[in-house]
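Everything below concerns the one structure shown next.
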Amino acid sequence: METLQFRFGQGSRPLAGNAQLVGVVGSGNLEVLIEAVPLDGACEIEVHTAAVGFGATWGAVMEDFHARWSLADARISINDNGATPAVVSLRLDQAVESLISPAAPSTGGTP
Amino acid sequence: MDWQTLATQLFPGGHDIVERDNFLSGSAQVDGKRVAVIGTTGHVPIGIEIALAQATAILKTVQEHPGRPILILVDTQGQRLRHRDEMLGINSYMAHLGKCVDLARRKGHTVIGLVYDQALSGGFITSGLIASACYALPQATIRVMGLPAMARITKVPEERLTELARDNPVFAPGPENYLRMGGLHGIWEQNLAQELAQALAECSPEDRRMALGRERGGRMLAQPVADAVRAGGDVRAA
Amino acid sequence: MTGEGRWTVQQSNRSARLDRAASALGGALNGKVVDAARIVDLLHAVLEPGDRVCLEGNNQKQADFLGKALTRLDPQRVNNLHMLLSVLSLPEHLDVFDKGIAGRLDFSFSGPQAGRLAKLAQTGKLNIGAIHTYLELFARYFIDLTPRVALVAAEMADREGNLYTGPNTEDTPAIAEATAFKSGIVIAQVNRIVDKLPRVDIPGDWVGYVVQSPTPYYIEPLFTRDPAQISEIQVLMAMMAIKGIYAEYQIERLNHGIGFDTAAIELLLPTYAAELGLKGKIARHWALNPHPALIPAIEAGFVESVHSFGSELGMENYIRARPDVFFVGPDGSMRSNRAFSQAAGHYACDMFIGSTLQIDLHGNSSTATLGRIAGFGGAPNMGADARGRRHPSAAWLKAGQQAREGRNTIPRGQKLVVQMVETFREHMAPAFVERLDAWQLAEQAGMAIPPVMIYGDDVTHILTEEGIANLLLCRSDEEREQAIRGVAGYTPVGMGRDKRMVENLRDRGIIRRPEDLGIDKRMATRDLLAARNMKGLVRASGGLYDPPKRFRNW
Amino acid sequence: MSSYLELTARQRIPAMFDAGSFEEFLPPSARVASPHLAELDSPVSFDDGVVVGRGLLGGHTVFGAAQEGAFMGGAVGEVHGAKLAGMLRRAIDERAHAVLLLLESGGVRLHEANAGLIAVSEVMRAMLDVRAAGIPVVAVVGGANGCFGGMGIAARCANTVIMSEEGRLAMSGPEVIETANGVEEFDSRDRALVWRTTGGKHRYLMGDCQLLVADDTAAFRAAALDAIADLVQGEVGLTLEGLLAEQDMLARRLQDADGASEPMELWRRLGVSDPAGVPMLEADAFLALAARHRAGLQPAASGTGER
């Protein structure tokens, strides 16, 4: 296992609501716990991952995540079981959306 | 230890236990009182027939001898691994056995388990582990599975498991580990008859195994977690 | 040699072989029908050392009884055989080399035996002539690799040797024709010998011997994909494919690779594509095995025709009930033909879309991995521009126009070849690499060229969860490289991109992100799949599809 | 129809309980993960693979749990088991209307085998304590991973088991049996056989589950509401009569199955005329058929046993 920590200061978007957990620590998947915590405007992310040696990849994924959302006073905690960056980004966005707008997005008019 | 030797040591006052296809049943004299005895021998795998036979013996005791203490003698290599058992719902037969033990307890029967040889996972969970208190002989084997098989399934090297097992009773087989974790109330080193009489006298119907595991340093989280859930230490809308 | 015999050497040799067989088998030979217990005697009689022997191994049916019989030959009597196999998938296919019965191999695809094949090649027990595409190998059967003896599989035979191949005709016509008309000997293993065949797939006068195998030939459900295993990322990519490529080019005639990515597309046709109003406009004609995942699209009226390389287990009753869509004989079972379907996929389809394991910065893609000599089967034919094509279509012309825009050349179309991959595979293995593993494999195995499945100059689009790179619109090698890096996500190749240049390519529509296509990623859920599990496929088929046992959860 | 099977444990809770009513005990933000997995260099989960809490079901206070099958197969470790046991004890303290267990588990978590084994037995005893307190316990089995091992036994300690056809309820997994006794004993790749042997329809026909529904969250919720409404009318604790009836059913099953080795043969003996057609039947059609042939319906039998 490897632990990675990221901190992005001066976010602009605060969260509202209770902590949420999105995703499952299944194979190739991860869980994202997102909480509104006073952090002096920062967003802190801690990752526990089973895939060792991908710190640079995680860093890039997190920078893009911050560029998308610019969260303020947000703590994000991740347990990862080898998810690909695409799945990580998807879960992160789902986690943020679960706190920013409580209504789930429409899944489209399928039969 | 074979069951006859065990019975001689446990019941100096005499017994009428009989074995039929590795199923033990009968009664014995303990401290001047009659005790019902059921169990298995020969490391027999617990299949549907023997699970049902044990359950039948327990219900019969409840019907015919209200309040008579029950001793369950455990020696099994685990549940029987056959398609037919699964097809016929072996889990239902096991659950039935467990429920019969539970009913007996609630109707005032003291129920004690004793692992005198082997106890493995599925065969143990509805016998010794469902009793009000469970004990073992020191040379007994108790486990879910051996470390080599565990290493295969968890993909953790066996050496690492062996190393961890030294300080952490959670992985390793053996009655001492089950004792530390609260799964066993005690290990009977000598004078089995006296130990049995004392166990019957002390037995409480309450499930205190989490507390035992914590007191003995083998299972540190179970009790606090269950307590926190029960006391609502940290509740919020989901 | 002079005189009459000069031009009939092969015929005379054939007669000698048949005579040897007749005397060796005696009463065990009844017309063309050989007692299964005497199969080794037959092979000893008709084979000669050094013969080119074609053993029918397909994606579906396998001449496994004859393949096993070959391994029982005495290498003192029969050796140094030159084996021709389109699919080398059973252990016995390699046992003949291990035992010294065969020495040389020409083949197309070796999937499950790829590791052992590489090892045998290293020991020198097996000498690889070349790795071909299917069509290429069939072509050589008629030029310089004509079999002396062909060992084929069929469902049934009658006593005259006529063969019924059932829905898995596959390679049999190509093999039998090349062998029979060049004085070779065709031996067929059949599941049953009957008085009257449902239909004749191979005429009896092409066939030398027929043997009823003790057990039916082995068959593998190779093209069945359980929709339950399709991920939301694959749904997103399927949406991008439909909106960004199928709709964009109005692709009516196509071939899909095997895999969950393309299965997701098939399952989104009746839902997402229908919502986009694309029914009747895209995906009408297919060169494709009867993929169970295509059932909902067929039922929704999307699909007008499907011609197949081979069949798929469990689809028999469904196909029988949909003769307007599939190629079905008067008996009600499908007639497949790998050679024709490969030709159809190459010349008559406007697009191939499929997955791969690795893509390099030039767009070359390969599924070759170290220590395994696998080959690519039909993919290179599907995934290559048909330079001999002359008939136009909207999709073909648009692709050609994009490729040649601004250049003063004569108008001409181009086939669309789409590689669809997630940027990372399992265990964080990147799909985009600086150098294909194929180079190292070529060095290890002493191959003349690295085994590339689809060459970069044939690839027109690369589709990942990050976006679609349209390589047709790139005007320089540098642009191509940045377009590829631009959809390579967080792989080292992707992170090595020139951000400014990639943004510029995006402005020009060379790279299109999901949002550029108007796709809301949050819509990409499994709810969009027309069937979400195997039972959903059975329901869609009206109970006609009967999935193999291993795919059921009921 | 919205698939129950495809949902995560955390998604199943709001699908089953009244909207917005569920309060989770020891939620993920409490970060009570398994201490043993970390030692084995294995990823942990903030909820250790189980959601426990209290919510409303049809307006009544119902305690509940949902096991996450995708995390270690839903297997029970020390924390996971203690959360279940703690919730069950609290249901008694607070006099719950009922307990609803959404089970999906391979049984004991081998990474913490001894703790898991003891924990499963604690959960079983706590379930029976809940019933003894007059509170009905309903178990739901409809996840992709089924309900096996100790949890397969625990499920049958509930008053009512609700299954979908896709759900599996058993003791040992087919792979385990195949490994121990060979592919001839149980071909684990023959999934049709696996489902005939352990799946919801077979369990329903044999009397090991009391309600069968299509794989649809609304159907599961409706079945849970029905089951609880039915159970609160009567005695939910163990009774001698109930266990004698169950014993009768299980003994009869043994007799009736004499010499049979294939589930379809058992169905045929129950009077099902086309056993091979059973797996393809949709839930409604199947229930109509089962209404005539389910074990325990014959006049000689005394009901479907303990409930």
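All chains are identified by letter, namely A, B, C and D, in their written order; residue positions are counted from 1 within each chain.
Just so we're on the same page, a residue touches a chain if its C-beta (ideal position, glycine included) is under 8 Å from a C-beta of that chain, and two chains touch if they have at least 3 such contacts.
None of these values were measured; they are calculated from a predicted model.
Asks: Relative to chain B, which chain has the most distant C-alpha mean position?
Replies: Max centre-to-centre separation from chain B belongs to C.
Asks: Select the chain whose centre, defined as the mean of its C-alpha atoms, is least distant from the mean of all protein C-alpha atoms.
Replies: Chain closest to the assembly's C-alpha mean: D.
Asks: Can you identify which chains form the pair with the largest number of contacting C-beta pairs?
Replies: B-D
Asks: If you average the Cα atoms of chain A and of chain D to get two centres, how far apart are those centres in Å?
Replies: 33
Asks: Where the CA atoms of chain C average out and where those of chain D average out, how many Å apart are those spots?
Replies: 44
Asks: Find the geometric centre of each of chain B and chain D from their Cα atoms only, then give the gap between the two centres in Å, rounded to an integer.
Replies: Comparing mean C-alpha positions, chain D is 23 Å from chain B.
Asks: Two-or-more-chain contact residues of chain B, please, as numbers and ranges.
Replies: If we look for residues of chain B contacting two or more partner chains, we find 236-237.
Asks: Two or more other chains in contact with one residue: find those residues in chain A.
Replies: 19
Asks: What parts of chain D, by residue number, touch at least two of the other chains?
Replies: 10, 27, 29, 41-42, in rising order.
Asks: In the complex formed with chain A, which residues of chain D make contact?
Replies: 8-10, 27-29, 31, 33, 38, 41-47, 68, 70-71
Asks: Taking the complex as given, what residues does chain D use to touch chain B?
Replies: So the residues of chain D touching chain B come out as 10, 13-14, 20, 22-27, 29-30, 32, 35-36, 39-42, 51-53, 78-79, 81-83, 85-87, 89-90, 93, 108, 110-122, 124-126, 128-129, 132, 149-150, 152-157, 169-172, 174, 176-177, 180-181, 185-186, 197-198, 202-203, 206, 208, 237-240, 243-244, 246-247, 250-251, 253-254, 257, 261, 263, 266, 306.
Asks: With touch defined as at the start, can you tell me which chain C residues reach chain D in the complex?
Replies: 228, 526, 532, 538, 543, 549-554
Asks: Considering the complex alone, what residue numbers of chain B touch chain D?
Replies: 48-49, 52, 55-56, 59, 62-63, 79, 81-96, 98-100, 102-103, 106-107, 121-122, 124-126, 129-130, 143-145, 150, 153-154, 156, 160-161, 164, 168-172, 177-178, 181-183, 207, 209-210, 213, 219-223, 225-230, 232-238
Asks: Residue numbers of chain A touching chain C in their complex, please.
Replies: Those in contact with chain C are residues 28, 51, 54, 56-57, 60-61, 82, 84-87, 90, 93, 97, 105-111.
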